[in-house]
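Look at the two complexes coming up: chain A is in both, with chain B in one and chain C in the other.
Then we have the complex of A and B:
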């Protein structure tokens, strides 16, 4: 980008006139460059308006890095924040997920890892402050177990969700937009993955990739390996309707690159759906992981909510009241994070809605124009 | 004559009133305050009359219809009295009816025809089921009812048996709308409320349905309330007209009075703003300003912000009904004044330069910007064997059209929906690959080197050909601000501009097209713009990269009548600045005439994928040679009421099936002048240009010595049930 030059020499700056001339029709009185000084009215905000053609207007002040950063902040940070700030679901979600992240980052340093015979067997909840959530039948600290399994669970969840959404959206959007041969190939791959039975595949893969499986990222991806296909299918069908909209045709007529059309024109319409699916995928990864640990398919290498559940079950926690906390703690941990994700997905829906964004934008003046007067009324009247 | 009775139980005010609304309001509670979408309306409908209710979008006309049936959707609240006077029974207060009474009232006494015929039917039920359900829901004898249905369908030029056995998707839009009318009449109601019944249809079909309504009304002693935004459409049909503005009636009176001697300034402005075929172009001028917001109706007369003769009185006092003649009420303090002065006032307030351009001389050796040569476009799949079990079904949308578009040229394509005009347009701007034929841009084949890709290889050509869409709602991405929408083409084609330059240029453009203050609009989302503003933004977006040809696909038909003229004026003005050519598409001959005549362009008439006539607007409008053009001319509603509307110049109402094109001249199945030779031989475009203008016609009648004149006429019968409109 060009550096900020002295704003006053705009009119004589060759850039202002020459570069656009080739696109602007020839005018008989082409006395622009020199005479422009007197002919152009200087706008209050620094720009110039040529009396004859607004198509030649250029700014007298070059754009600085600060301007761009500022605009970026307004669009992607300030407006979303001002929307989320007013929504209790968002605040609750941030609180819940923030707690989990704190536990995963700070908590693991505050609470020591535990080992067998760390304390007395099957101590109840809040009986001593040394083991506030009690102990297991082998004398391990339940709190420490729960806390130390959080980081790997979070990483696994995030990697699984991101994998599902990225692969699913890519296949869906490209297949839906491109059509033809590309669509046939991508859709066939999608169909294959839909039809492979997910659980057996994961079990087989878990066996084959045994030395990778202790890495939570690899595990997350493995658990999501069959989950993206459904998302890809439904995104594809939504793209099919969006791509026939006029604005997509206009974008093609302007020769915008396909990448741009997909990312800037189509994806924003799908974002609410994609985000909800991402949160769902994250939940599913946790559930699947817990289930597989519980079934004993995955190796019991690490502390894990699923492993805890399995051990508690084996220790008869279902019918022994003295062991019930061993079962409840991981269950609450799983439910809590699931609720946090659902609330976050619901509240993010608002961020992507242009009607709500418009209400929260910083217009810089108090007498804001009435935003969606007509449309609101129309919606109401079912017109 | 305002209404004096207020209590519903009072004696009927007048022997022949069927429906009376007294101080009726409809309100919606909204976060921004109470929205009054119908504001204290008094109105009477007389028995056996046709009332035309005219209003722009957002004037409360649909609410007026709903209020008459107490069918305002939740959470709307209707207040005031709506009284229905049965022929020989006690008056009924519609708002006080119980649910069960309302259900009976709604189809048996007053029925309604909605706008969206497409969505009024359940797609999984046969048409017969719709009728049977309606009959049995109201405890009618189904057998006798179906007899009546057959009769009704026949009156509407439909084959009863075929219709009843069809599913909704098998019918064309016009057929569906007619079946819907039959459905609404099946219980023999006294009154029919039609809310924009023809808005989604073609001109020809609109006109045909309008003339059918006349017969139906006579035959069944109906009272019809016809609600529309299209003034000329009802001009011929209605006995009385009522003009709605800002949720109130501006003027009510006999149709002749309203059309010839309107007393309200809004009615005058509306008449002037309506493009039509006969009035001189200079008389057409847009209405400045916009309709008010229902939450914020202006004090005093609601029209005063836009009215050229408004004074202190109008700002402070809401005008009551003034009596402007027999049965003629006008809500304007200055109605007497208005008749004399309004035209002058309007003329002086018009700011645009309205000089008409003269037709540019097109010398034969001038190189066309875009040249179409024998273009053919086919849709549908051929059966490609293996794994494809469907039938091969090919629709030829465009069949062998050649057309040259020059610099600064305007060509307006006119035709019914499905005639291939949009396909031809998109082919011309390289958004649709032709099956056969070539398109050249300044002598270069635009698809050269593109292979199988759907975009043009030559980026300069891609830039030179742009499009403005019909629906302003979907032509802008609803997730982007105006700034982002307009920055995109600049980023792609003027990469030397930085963010501030782009912003300034966009601000300048917005101001240029009359969107002000631009600083305020640049950060809005599309849903915060009105329809006209959206269309202007879409126009700027195409203009910003300075194309040589813009395809304007029905660019004004989705806009309110009062905005059409101003939008077309803007397009013409931008053409002067940019030397851009337009290929415009319209189903409306009056819009086409305005646009083409003002720019000295040409009008091309398309029928079933072929160009049947092309020429200067003067020739096409005033001296159409092709019978199809004559039919379009007939179908274009006029404000002049003397015209006879009953003689339909076509033999059938419906368009032939596109998968099975008629042989010879494609129009011969509907043409009243068709002769035997038209069945077998296909006419080429024949040059009939003279000193008045260019004109090419694809009809044997243009030739004086053709065997046509010795051939036998095909048919002389009146319009019959569709023998050709098979949709199998």
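Then we have the complex of A and C:
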């Protein structure tokens, strides 16, 4: 808590809201002061409510704009940064994902796209400076193929992850909170989708919707169709445990609209869980997308790791040692980005862990919360 | 008991919903198989009207019938076990599937069983020796393994153990030149052919072991465990009945979702190992634009998952007495 919110000093502070009564002359006919006067009136049980009634106390110090901005920075920028800076997993994750983003934005301009007969056939790795990762059997530069696949993969990953999380959270939160008929209907839909195996469903849909699946965003959304149900179910069970907490009950007693309770009370509470799951969803979307391209069931126009795998597989890279690099490069690319996403999920888990947060937060001297040992935080993660 | 019946009804409902979904996809979606089929076959026939009749033979859907009649006929033929006729294999889809299903079930049930057992045991051992070198090493291993897609592992295994070392066959599902049946060489050959596909699915054990480790560590710190030790219960009892049971329960949903994911993964796995199961036929069908076989394989894979999850759910009641009987107020 910031000092400005400390309730203990309002009794001595002349600006405290309750004590203003002393300076206001009694005017029983004044309608606006009538409410304040009734506070000092004799109660039905014979006692009087003294001026320090907790219901009439207001903050002693008005929170200024700077305070709010400062608190925002403390909560969303400084504390997370302070935690992430000391966590090697976060640094590794930022380095890995940053490299991929750099490749997708800058790399595509530095490395020219390749075409057939660009170089000699099936050149090995690190044999010439012109083709550091070798060439394919049709003489394409493997490095250029891998680099030029990155942007579309990243876009696909982002759209798939966001869509999964939005649909999954919506179904999970609404079903868990509302209960009753709404829950039955939404849970049934979720259950049906859990029972449909994802990859075959996506293959069938991709084949029928071939004309629509021509950009990475659409493909990401399609892949999310098969991925949201598991998230929805686990979020629902999380909501079930917090829907009867007292702060939700209080919000309901205040007759706040359901939308407010869901968006302002429940979702922020589940945010850590949702963000960590978003990283896992991103990983699964990439795996599924590359699998579909590898199977050759998706139409493709540009370079893609899955297409590279497929071409290498069909060119016999499994038994031709001269073509192995063609197969290994996309494999390493997929595994690398997945490691980055997992490490990020693990370190974000630390950011959201209240005990670790407490250690990094600027709290003033007295209220240090007992810090927790670092080792058992990775148990919270959920892969 | 009541809960079991309800759960069974839910399974039936899911199958109905999926079959209805396949009808919707086959008949009504943009670019749907029936229209594509008619457009593909029609011009080659002398009498284009025949295309509609052929559509009914192959896909159980008469494109000219009104929607509700077509839906009723489709459902009736589904209940009778008629999934239509494959164009590329020139055989009944039901027959093809009946022959392929056992192989997929064989590989997938072993894959699921082994990866769960390995994952849960590793997680339990890691939790027991928390903070040791073993723990750190296996945590690192599990994180790495989780970031490898199973098909990448499948390709690597095939490359190393199939082609380079030659220890395992590179494709197929049964030994050649051995009479099929319950004889030892055939059974061993079957296991030999299934080994690589099963081990490719081991990547699923990574995530399971990390979750198991986390759950176990949390439970090891609970007060009731200290009480159990004070009561002088045997270590075995504590490990199995107190720790393992309570650590596995929260993983159940995740494991069930993993079952669906792994069955879906059969599509890629069987294609890589040319293992002629349901998934292999499905990919062949997609390649050949053989819509009846594709939809049939999709339906059968889904029903297999529904049944697997039903079994998993019903046995859940055995280990968690709290299962079922939810009665909550609605807001």
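Criterion: the second predicted complex is superposed on the first by the 280 of 383 C-alpha atoms of A that agree within 3 Å, B and C clash if a C-alpha of one lies under 4 Å from a C-alpha of the other, contacts with A are read in each partner's own complex, and residues count from 1 in each chain.
One rule holds for everything that comes next: contacts are C-beta pairs under 8 Å (C-beta built on N, C-alpha and C of every residue); 3 or more make two chains touch, one makes a residue touch a chain.
Computed from a predicted model, the values in this text were never measured in an experiment.
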Inquiry  = Quick check on the superposed pair: does A:62 touch chain B, chain C, both, or neither? Answer first, second, both or neither.
reply    = first
Message = Just checking: does A:273 make contact with chain B only, chain C only, both, or neither of them? Give me first, second, both or neither.
response = neither
Ask   = Counting only touches as set out at the top, which of chain B and chain C does A:170 meet: first, second, both, neither?
value = neither
Query = Looking at the overlay, does A:94 come into contact with chain B only (first), chain C only (second), both, or neither?
reply = neither
Message = Taking the stated contact definition, name every residue in chain A that is touched by chain B in one complex and by chain C in the other, in rising order.
response = 252, 375-376, 378, 380-383
Query = Which chain A residues qualify as touching chain B in the complex?
reply = 1-2, 15, 19-20, 23-25, 43, 45-50, 53-59, 61-63, 67-68, 71, 245-247, 249-256, 260, 264-265, 268-269, 352, 354-355, 357-358, 361, 363, 369-378, 380-383
Complex interface listing, chain C residues touching chain A = 10, 13-14, 17-18, 21, 25, 29-33, 130-131, 139, 142-144, 146-149, 151-152, 155-156, 158-159, 162-163, 170, 206-207, 210-211, 213-215, 217-218, 253-254, 256-257, 260-261, 263-265, 267-268, 271-272, 279, 282-283, 286-287, 294-295, 297-298, 301-302, 305-306, 309, 328-331
Ask   = Which residues, counting only chain A, touch chain C once they are in their complex?
value = 177-183, 188, 191-192, 194-201, 203-205, 207-211, 226, 230, 233-234, 237, 240, 243, 252, 258, 283, 287, 290-291, 294-297, 309, 313, 317-319, 324, 327, 331, 334-335, 338-339, 341-343, 346, 375-376, 378-383
Key: Residue numbers on chain B that touch chain A, as the complex places them   = 28, 30, 32, 35, 37, 58, 62-63, 73, 75-76, 293-296, 429-431, 454-456, 459, 462-463, 465-467, 469-471, 474-480, 488-489, 492-494, 496-501, 503-505, 507-509, 511-512, 519-520, 523-528, 530, 538, 541-546, 577-579
